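Each chain gets a letter, A, B and C, in the order it is written, and its residues are counted from 1.
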Amino acid sequence: MARYMVRRLLQFVPTVFGALFLLHYLTSVAIQLTGNPVRAVFGDRMPPESVLRNLTERLGLGDPCLEQPFNPCLSLFLHRLESIFLHFDFGTDFNQRPVTDIVAGALPLTIRLTIIAFLVELVIGIIAGVLAGLRNGSFWDYLVKISTVLLIAVPIFVLAVVVRDFVNVSFGNWLRGMDGVPDLISRGVFAPTWTPNYQWASLVVPGVVLGALSLATIARLTRTSLLENMRADYVRTARAKGLRTRRVVGVHTLRNSLIPVITFLGTDLGALMGGAVITEGVFSVPGIGRQVFASIFTGETTVVIGIVTMLVLVYLVASLIVDLLYAVLDPRIRYE
Amino acid sequence: MSDVISSPVATGAGIGAPPLDGTAPPDGSGDLPARERTASLWADAWRQLIRNPLFVSASLFILVVTSMAVFPRLWTSKDPLACTVSGGLSRNPPSAEHWFGTSILGCDYYAQAIHGARNSMLISVMAAIGVVLLGGMVGLVAGYFGGMLDSVLSRIIDVFLGLPFLLGAIVFLVILKDREWWSLAVVLTVLAWTVIARIMRGSVIASKGLDYVQAAKALGATWRRLMFRHILPNAVAPVVVYATILLGGFVSAEATLTFLGVGLQVPSVSWGVMIDQHDGYFHEDPWLLFFPVGLVVGTVLSFIVIGDALRDALDPRLR
Amino acid sequence: MSTDLDISVVPLPPVDPTVPALEVLDLQVEFRTRAGIAHAVNGVSFHLNAGETLAILGESGCGKSVTAQAVMGILDSPPGFITGGEIRYRGTDLLKVSEEQRRAVRANRIAMIFQDALSALNPVFTVGFQLGELFRVHRGTSREEGRKRAIELLEMVRIPAARQRIRDFPHQFSGGMRQRVMIAMALALDPEVLIADEPTTALDVTVQAQIMNLLAELQRDRQMGLILITHDMGVVADVADRISVMYAGRVVEQAPVTEIYARPSHPYTKALLESVPRLDQKGQDLSVIQGLPPTLTAIPPGCAFHPRCRYAQPECRRPPVPPLYEVADRHSSACHFWQEVREDG
């Protein structure tokens, strides 16, 4: 087990640098192909050359390698690495405000949103998947199969917009017009957009939307995994041992069935990050995702790059943790 | 990208069954049917698929959408970009004159939907082809040759997987100013090829160990022959399944990226642009949402259904 | 974990040596599939006394495993259904008792081991857990006690360093050791009957011999009845007291082991014996049985073997199915022309 962990950690380090380089290369190529992003921000108004150059330099975009298409800009990359790991500096916005500050302010909300999404997707997803798997072919099974496929087929932003417009606004209005409905519900949970008056309550609906896609995937994964495991040989042995079905499923099959779900959770975080950008944007939750959303519109590419870099690091660490967790659950992996 | 991977990644184990040559039992007497029947995995799968009503309906839908993309004139004679707000033409509900109503800029919504199919389908199909070629090649090589090459390629795949799809797309596209359909297709390819590479690699590794491959090797087949004539035809099955599902995912992704402001831009027409343009008006004029969303969801759903049906048809364990 | 069941639910009749420990009468099992109804077991009967070994012999797909699973009550249902017959344990028809009582019999009185120990054991639990589980669930023992019993069991099947190995997982054992673990698991609660479904098929020849010896020894010690299901004639000769040969879901011949080898009375048995390669046949063609076993959804009328049989006559192709004719003492054969087959030697 120790050998496995050490190996994973050793693989982790080059992967981190590789991913950061990929990110760097993508952004460099984009700049090389389009030109100075700072210039684009000003639109039609042309600032004095000196102002432009100054800003460009301070944002770290002045390296001449950024004018040669497909140049990997290694020195720039190393410089960036140095800023990140030695100075914890992820760049600034166009007003010199450090990205780390921007993120720190927005982080708590995003964390809460993600927690809600995780809880929703895990609890409902696993339960739905288990029930569907156990009652294969029943009405419940079909319900789960169909609803999950629909959830997967609908793009997140569509779901978010539809929920916002028809649940929070339309249904919410109706609730707000009725007497006897507690404010927590009519102005909290079903507030038209996020409101600081009901910080947690108005995060519920966005959280559910954020977790919806993963919920569907987890339910399907659990269902399929359960069905496969129920047909496995060791289930036959367990029954031959005279064990009750409850124990066969709850103890023997469940452990094996949840392994793919755990593996999925690793990639899920990445999907949640992307989803958070959309969900926070649509529901106006002032979290990190909304920051990205807003910075896209203002054209502040350095903020987008800075935040995404941070998120990638978080994602890689989380994947590592999931990998190690996987070894705890599946003993066969420990001896690879 | 909507994560449309809906079940544990098929490693391809079990799908790589050797093509069957049905032979009649040698005994002439008796009551056994002496039918000569040649079957192969794909022919059997096709027979099963044709009888699946879900598969047939989904395929019809895709055919319709494809014909919209390739022959828009067949479906509408109106120009999607002939827009005018004069005469109160903005945001009109569906009518005899404008089957899907008009957009906020006074364009014929139906024409936009038809012409929009082209961009949406083009991006998805091109990206899917790219992903299959790039991912398939890397996965094939990594799986077949193993060893150092495999280690290096797997590391590279891990690196790409470290970049969440949507974030990577945003970061690249936000800088790019001119976003044509091909730049979106390239971005989708670059960010999603690893999915196919992993599947292909697993599938090839599983196929390598199969008896008939060992047999071919023992008969002196060259690595080229082994790879392309023996392993590839069977390892490719799960790749086909996932590529189909990915097609749906890409349609969804294009719409999402456009909504975020990093996808296609006006004056390009696509379903994503249609949705994005009218954000905020859905409450009052729900058809502005209904038609493009219906098309997007319908297309994605159809691809998923086709992919699922393919998976069931190609899995020998279920037969 | 609470005690799931008190074993005294199934009252044990006093041991009556004249009543077989296990008796299967005219068992019928069918599988309802989309391709039609597969008649997997068509009127199988046999009995097993305490302390004796019955071998059930047949090709893949002849219904032997299905029979075993039906006896244990672990048939996959759907698609499998028991549509007729009786399964008598010590005189009580198990098909008529409640599921609770059926469950009590499993592992306690009738146990089963399977062919592939790697897939038959749960990969995510230690061997100690899977062994101890039996005691905790059926006897209500504590975890500590269960652990001790697990170690004893491993020692009983000659696995060295048992104390350390109960913490290992199935994939950490070799094939032969895994099979020993399965045997230990099956014998944990001291059953009266052990059904072994192809226990050595997945093992090397030398390991096969070890496992068979272990089984024989354990059986002798406990006076346990053993049903050995196999397609390997070599394994059978050493170990079995009696043999039932199955084909297409029916028993086609039954006899004590020496009788079957000396005077096979059914064309199928005869062909099986002849197809075993022998050293003194060097230089000659190997004899094979022409054709393939029938698909169970379309079993030929009359005698199921007739398309492949060199003794076949017109009446073999017509119903009814040949009954089991009494050929000699405790020897029966389901062939209209058993005399001819027997005399051919």
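Definition applied: contacts are C-beta pairs under 8 Å (C-beta built on N, C-alpha and C of every residue); 3 or more make two chains touch, one makes a residue touch a chain.
A quick note: this is a predicted structure, and the numbers were derived from the prediction, not measured.
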| item | value |
| --- | --- |
| Closest chain to the centre of mass proxy, which here is the mean CA position | B |
| Taking each chain's C-alpha mean as its centre, the one farthest from subunit B | C |
| Centre-of-Cα separation between subunit C and subunit A, whole angstrom | 53 |
| Subunit A and subunit B: spacing of chain centres that average the CA atoms, whole Å | 23 |
| Distance from subunit C to subunit B - Cα centre to Cα centre, in angstrom | 49 |
| List of subunit A residues in touch with subunit B within their complex | 11, 14-16, 18-19, 21-23, 26-27, 29-31, 33-35, 37, 40, 148-150, 152-158, 161-162, 165-166, 169-170, 213-214, 216-217, 220-221, 224-225, 260, 263, 267-271, 273-275, 277-278, 281, 292-293, 295-297, 299, 301, 304-305, 308, 311-312, 315-316, 319 |
| In the complex, subunit B residues that touch subunit A | 1-8, 155-156, 158-168, 170-178, 190, 248, 252-253, 255-256, 259-262, 275, 279, 282-283, 289, 293, 296-297, 300-301, 304-305 |
| Touching residues (chain side subunit A, partner subunit C) in the complex | 231-234, 236-244, 247, 252, 255-256, 259, 329-332, 335 |
| Residue ranges of subunit C touching subunit A (in the complex, touch as defined) | 4-5, 69, 72, 74, 76, 103-108, 111-112, 114, 116, 119-125, 133-134, 137-138, 169, 171-172, 182, 185 |
